[in-house]
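First the structure, then my questions, so here it is.
When the chains are written out, they are named A, B, C and D in that same order, and each has its own residue count from 1.
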Amino acid sequence: MGILNVQNVNKRFGGLKALSNVNLDVKENTVHAVIGPNGAGKSTLLNCLVGKLIPDTGTVTFQDKSVLGKKPFEINQMGISRVFQTPEIFSDLSVLENVMIPCFARRDGSFKVNALSNMMGQRDMVDQAEQMLIDLHMIDKRNMHAASMSRGDKRRLEMAMCLVQQPRLLLLDEPTAGMARADTNNTIDLLKQIKAERDITMVIIEHDMHVVFSLSDRITVLAQGTPLVEDIPENIKGHPKVKEAYLGEAA
Amino acid sequence: MLGLNRRDFAMLLLVAALALFAPFILNPFPTASGLSQFNAGYPDLMQRFVIFGIFAIGFNILFGLTGYLSFGHAAFLGVGSYSAVWMFKLLSMNVLPALVLSVVIAGLFALLIGYVSLRRSGIYFSILTLAFAQMSFNLAYSVLTPITNGETGLQLALDDPRILDAANTAGSVPVTSLFGLEMRSAVTLDLAGWSFTFSVGYYLCALIMLVAFYISVRLFRSPFGMMLRAIKTNQQRVNYTGLNSRPYTLAAFVISGMYAGLAGGLLACMDPLAGADRMQWTASGEVVLMTILGGAGTLIGPVLGAGFIKYFENIFSKINDSILHQWFSFLPDWMENLLVNIFYPFVGKGWHLTLGILFMLVVIFLPGGLVQGGQKIARKLGFGKKSNSDTPAE
Amino acid sequence: MSNSRFTRRGLLKTSAVGTAGLAMPMFFTSQANAFTNEPTGSTVTLGFNVPQSGPYADEGADELRAFQLAVEHLNGEGDGGMLSTFSSKTLDGTGILGKKVQFVTGDTQTKSDAARASAQSMIQKDGAVMISGGSSSGVAVAVQALCQEAGVIFMAGLTHSNDTTGKDKKANGFRHFFNAYMSAAALAPVLAQLYGTDRKVYSLTADYTWGWTQQESIKAATEAMGWTTINDVRTPLAATDFSSYIAPVLNSGADVLVLNHYGGNMVNSLTNAVQFGLRDKQVNGKNFEIVVPLYSELMAKGAGKNIAGIVGSQNWDWKLENEKGARYTGTNAFVQSFGAKYGFPPSQAAQTCYAQTLLYADAVNRGKSFNPCSVVEALEGFEFDGLGNGPTLYRKDDHQCFKDVVVVRGKENPENEFDLVEIVEVTPADKVTYAPDNPMFAGGDLGACNPGA
Amino acid sequence: MDAIILQTLNGLDKGSAYALIALGLTLIFGTLGVVNFAHGALFMLGAFCAVTVSKLFQLSHKASEATGVDFMGQPKFEDVLYVKEWFGNDLGAWLIDWSVPLSILFAIPIMIGIGFIMERGLIKHFYKRPHADQILVTFGLAIVLQEVVKYFYGANPIPTPSPMAFRGSFDFGVMLGFDPNVIIYPYWRMVYFAFSLTLVGGVFAFLQFTTFGMVVRAGMADRETVGLLGINIDKRFTIMFGIAAAVAGLAGVMYTPINSPNYHMGMDFLVLSFVVVVVGGMGSLPGAVLAGFMLGILESFASLNEVKDIIPGIDQIIIYVVAIIILLTRPRGLMGRKGVMEE
């Protein structure tokens, strides 16, 4: 069994069946993409993985432990980090502070009142965060106000915030949505770099086939809440069922 | 130094200097001059400046850092005062146990109210805190009179037990003290036309305020403070970063409630009477106004805001028409009367009007509060850097 | 600091507008003053602490007018007012003990806290030797306690709760105004005469200390003459609409409604009661009646026509001397000088504040010292006349004035906005006098006078 | 039984005042996203419109011949009312008697005007500012407005009676088969209840059935989209502010005979109306009305001695207790929408 295992997950919203009998098995240190047309249930699936939604039936396990019923912060503490469609960062804080917060969360757990220690005085935390910024080539922006950065940089910062926690699993929700081609390529390079340098498993939910095929090891195609096929990228290309599902939407 | 960076330490020194020399700074006019009306350097008002400064510093820890706007903080001030007075009545006139108890009780009370109220955010949180505080006020004024002495306020009596103190033989109510050092004792320095009063009570308050201020600076710069600011900016990301935001906000709420309790306890130490009015929503509103007026989220802003409002309440409300006539008496009669008529609506019984106008002017032209005003002036005067004030993020 | 001198301030002071430390110097033993804020120059400063903001601001403004007038008269300006009718003749228009009287003012906001802050600033900053004024009992008790601690004299303004000279009495505090017990004692015989001795009372009571003491007093006094109290409902202080408290009254079988409210509460509850048409009803074969034990001109003004025919009590009324004769001498003199200066007759709050100022000044003159203990001694047991209330005693045991109480009724057809009440009866002082150990006043202790040094 | 009917009547009446104030407050909130702490002051200004009108009707000059003496012993001159001189004794007396209802005509343009000036001159600069700033500036404005009123009218309540025709009370009990005097209710309070129902109905109809209302409702739901459609939503919002001010003002005008107005009556209602709005759910008009009536009725029941015997002091805190319970069980109040004012 892989690091993340989804079995027979069903989720209904009123009369609408958002997910039906979804099974997914993600192997350790692979990049697994979930694709599908709009409304296929990709985001619902993702929300079930991070604790925002609880499936009606079925199991979700991470490293053989169930994540169901756990709150988002607890799931994160288990080693799952999430990148949002629009970068969710602390825009009122500096770039360095943005990266330091997950460092503290990793060291101190979900809650600790260390109100009298000086944040900047904790060299190990600062070093960790700075090292991450160096790795992601943004150390020159360390004192910048996060709100004033470009969208691509915000994405990069969010990635840094996730990676600094050294998660076992990184969930990416359309990481290149709304980006210009250049930014998209930058993001692909960044993800490739992460994949090459770190032992990390990634689940990508993506629209952009270019991104999907350049990165993923396996692809699951979701349509109307059910997995259609799951295979390696080469076999997905030109798969008749996939073409049918997308109705020519695929590039 | 003291675990602070250079700028913060400089600010702490500045605040310490201001507090130490307040009796001089606040009495700029010779006693005999007409302008002495504007002198604020007498013990009672100076004590109020620093005590409400503590209250506002504490409020700022909650509002400035987490963005949760509590409209019921006066309840903790009131609870602190009641605890302190009860301590004076039952145990001893020493201020130390009174202060400890007021902080503890206010903290427990804040834990209770915060635990319930923090289940909601935004205006729903504000209204929950308001509801709790108004309940406390209404009950304190009526049903809880055996504990609070209702309308009159809880006060000391000759026949209180005071088990640790020697029996009272003097026939008058004893005064609060710190191991025998009486809070109300003072010494006066007459210098040329000026007169400066140094009181024990004020310096105790100022010392405690400095400690409170120092702790708040440390807190702002600590990982805990950063977490709170993170919660204010993006609660979603906080949750997905593995942090549980509820205990953080609750801790901030309790800490700020304890500050309020400390302020309430100090009020009672300086003047041992605890009135229910302290818990009314207007009192909660006052600390909100102090904080926003001074500059929410800044370190020194709340202290400035507190001083500003208390100054108006105590100085402007005392200017009556005969004082105005005195000021303008050198002018011809018609001009004197004209000027008195122009100014009179804004002072004395009209002090609220002036305060209201100033609220509006400050918030319209200085969105960052008085701190921003200070920065603007500093920049105009050619200080390139931001001087003694502080911005939330850096 | 070679050319500076540490000294107890005030010794060098030439102007009275100055600050003064509260208590004894700790570190420097210089010639200590005999008492707090001893006036050393040619002037003496009095502190007038009245509500200038909040619901009682108009009452405060009237008190302030009276204070100003009193200071003028003390300093020999104006027509002298009650100085000429006052039985004690030590006041001759040369100030107090030859010192010109100055005054400072402050805003109590009708909150204990604010009132104490304001009084503190008068004592510490302005060097006031006496604080006077106020328009509620909570404030009076709070400021009285402060003055006791600080060692200055407190001459209470309008405060009607039994507690002010009961369980919260203080040696440095004096009350000229009457109290809830006296109101009840004065009203009871008049009510019996007007409405008979077989009545059932339903009362609404403001839910705080003053309301309770008044309700207690009224209940005791009316039950003593045969009335029964069938229900007493406490109303929240913050209530503005009393309809839900008034609606059940008619159905309760009561035929008298007693409103133990003051200020805005009273105006609203009375307005509501009249709205419900209570006064047009017949219950138990009798006309339904409403009683408001404590009355004031400003409340009558606020209630407008609704006050017509409602009986209550007052400390004083500006028509007393004209209608009830020379026993109340001083009234006309005061009304004349007040009216000449401000254009309308004074309220009872104004009269009590004016009288308190004169009484203080006279006590200083008689005792020949501003020392609070000397003032206390001069005022205790002091019998006087000519201040508009007839012969009056400042009782030694509790520092309460005993004098006649005026029972009034709202006029049906007032001729103008100052002539809203008519005097029904004046209950003589001996009918409203109680023993110092009356249970309603028990539990307090004057303590010793405190000169502050 | 009779007590229940009686307190329900009382509650409906109290509730209508709460509902009217809360309606305007939530209207401003839902459309403009502004927390208006000066809304209570608008209610107070409305009440003083009525005071002003009745003062205008009572303007007088001194008669030329003295009749009697005044309290100072000076000759006294009777006041002669201008209205009686101009319109004759009967019409003059009628005008004075009916001054409160007539003030409505005066209050509508004045209050809309005040609303316009407030929005254009002050509030519009605060749309993008944090709620805390909005609270501070509108609170400052409220203080200024009430101090100005205090300067001109004093702090004492000013009696403004209803027309003679509506004084006294109506015996409901007899209609329902109870004994006389068991359930009585003042005529003017019934007028007030009917008036507020009409006003609430009018505002709803206006928003529901006019194009203007549709645009405003769309704007409440999604301001940006409506803006993108090329509709000048700002202008409409200004008008909405004027309407909200007028609703608060009219609530104040008609309230004056119930309780004599004073300068701080707005502050007395401010906290309460915020509680009502929040209990109803921020930005929900039906929620505000529902919560207003609900709290009014509960408050009335809590003032019964039978209830107070069980829980002492309950009438002091009932509103807050209910607010806490509702907010804890229904996170966004009775009918609130998600995402409004939760940040």
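Just so it is clear, a contact is a pair of C-beta atoms (placed from the backbone, for glycine too) under 8 Å apart; a residue touches a chain by one contact, two chains touch by 3 or more.
Model, not experiment: these values are computed from the prediction.
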item: Separation of chain B from chain A in steps, with touching chains one step apart; value: 1
item: Chain occupying the middle, per Cα centroid; value: B
item: Label of the chain whose CA centroid is most distant from the centroid of chain A; value: C
item: Chain C and chain D, separation of their C-alpha mean positions in angstrom; value: 35
item: Intercentroid distance (Cα basis), chain C paired with chain B, Å; value: 33
item: Distance between chain centroids, defined by C-alpha means - chain A, chain C (Å); value: 75
item: Chain B: positions in contact with at least two other chains; value: 138, 141-143, 352
item: Residue numbers of chain D (touch at least two other chains); value: 313, 316
item: Residues of chain C touching at least two other chains; value: 53, 57, 207, 234, 236, 238
item: Chain-chain contacts as defined at top; value: A-B, B-C, B-D, C-D
item: Residues of chain C touching chain B in the complex; value: 4-9, 12-15, 17-28, 52-53, 57, 60-61, 64, 68, 103-107, 111-114, 116-118, 120-121, 124-125, 136-138, 141-142, 145-146, 148-149, 163, 168, 171, 207-210, 234, 236-238, 445, 447-448, 450
item: Residues on chain D engaged by chain C in the complex (per definition of touch); value: 2-3, 6-7, 9-11, 13-14, 17, 70-72, 150, 154-161, 167-169, 181-186, 188-189, 257-260, 262, 264-265, 268-269, 299-300, 303-305, 308, 313, 315-316
item: Of chain B, residues touching chain C in the complex; value: 27, 31-32, 36, 39, 41-45, 48, 138, 141-143, 145, 149-153, 155-159, 170-173, 175, 181-182, 184-191, 195, 197, 199-200, 271, 273, 275, 277-278, 313-314, 317-318, 320, 322, 348-349, 351-352
item: Residue numbers on chain B that touch chain D, as the complex places them; value: 63, 67, 69, 116, 119-124, 127-128, 130-132, 134-135, 138-139, 141-143, 281, 285, 288-289, 292-293, 296, 345, 350, 352-353, 355-360, 363-364, 367
item: Chain B residues within the chain A interface of the complex; value: 3-5, 215, 218-219, 221-227, 229-230, 232-234, 236-245, 247-248, 251, 255, 392-394
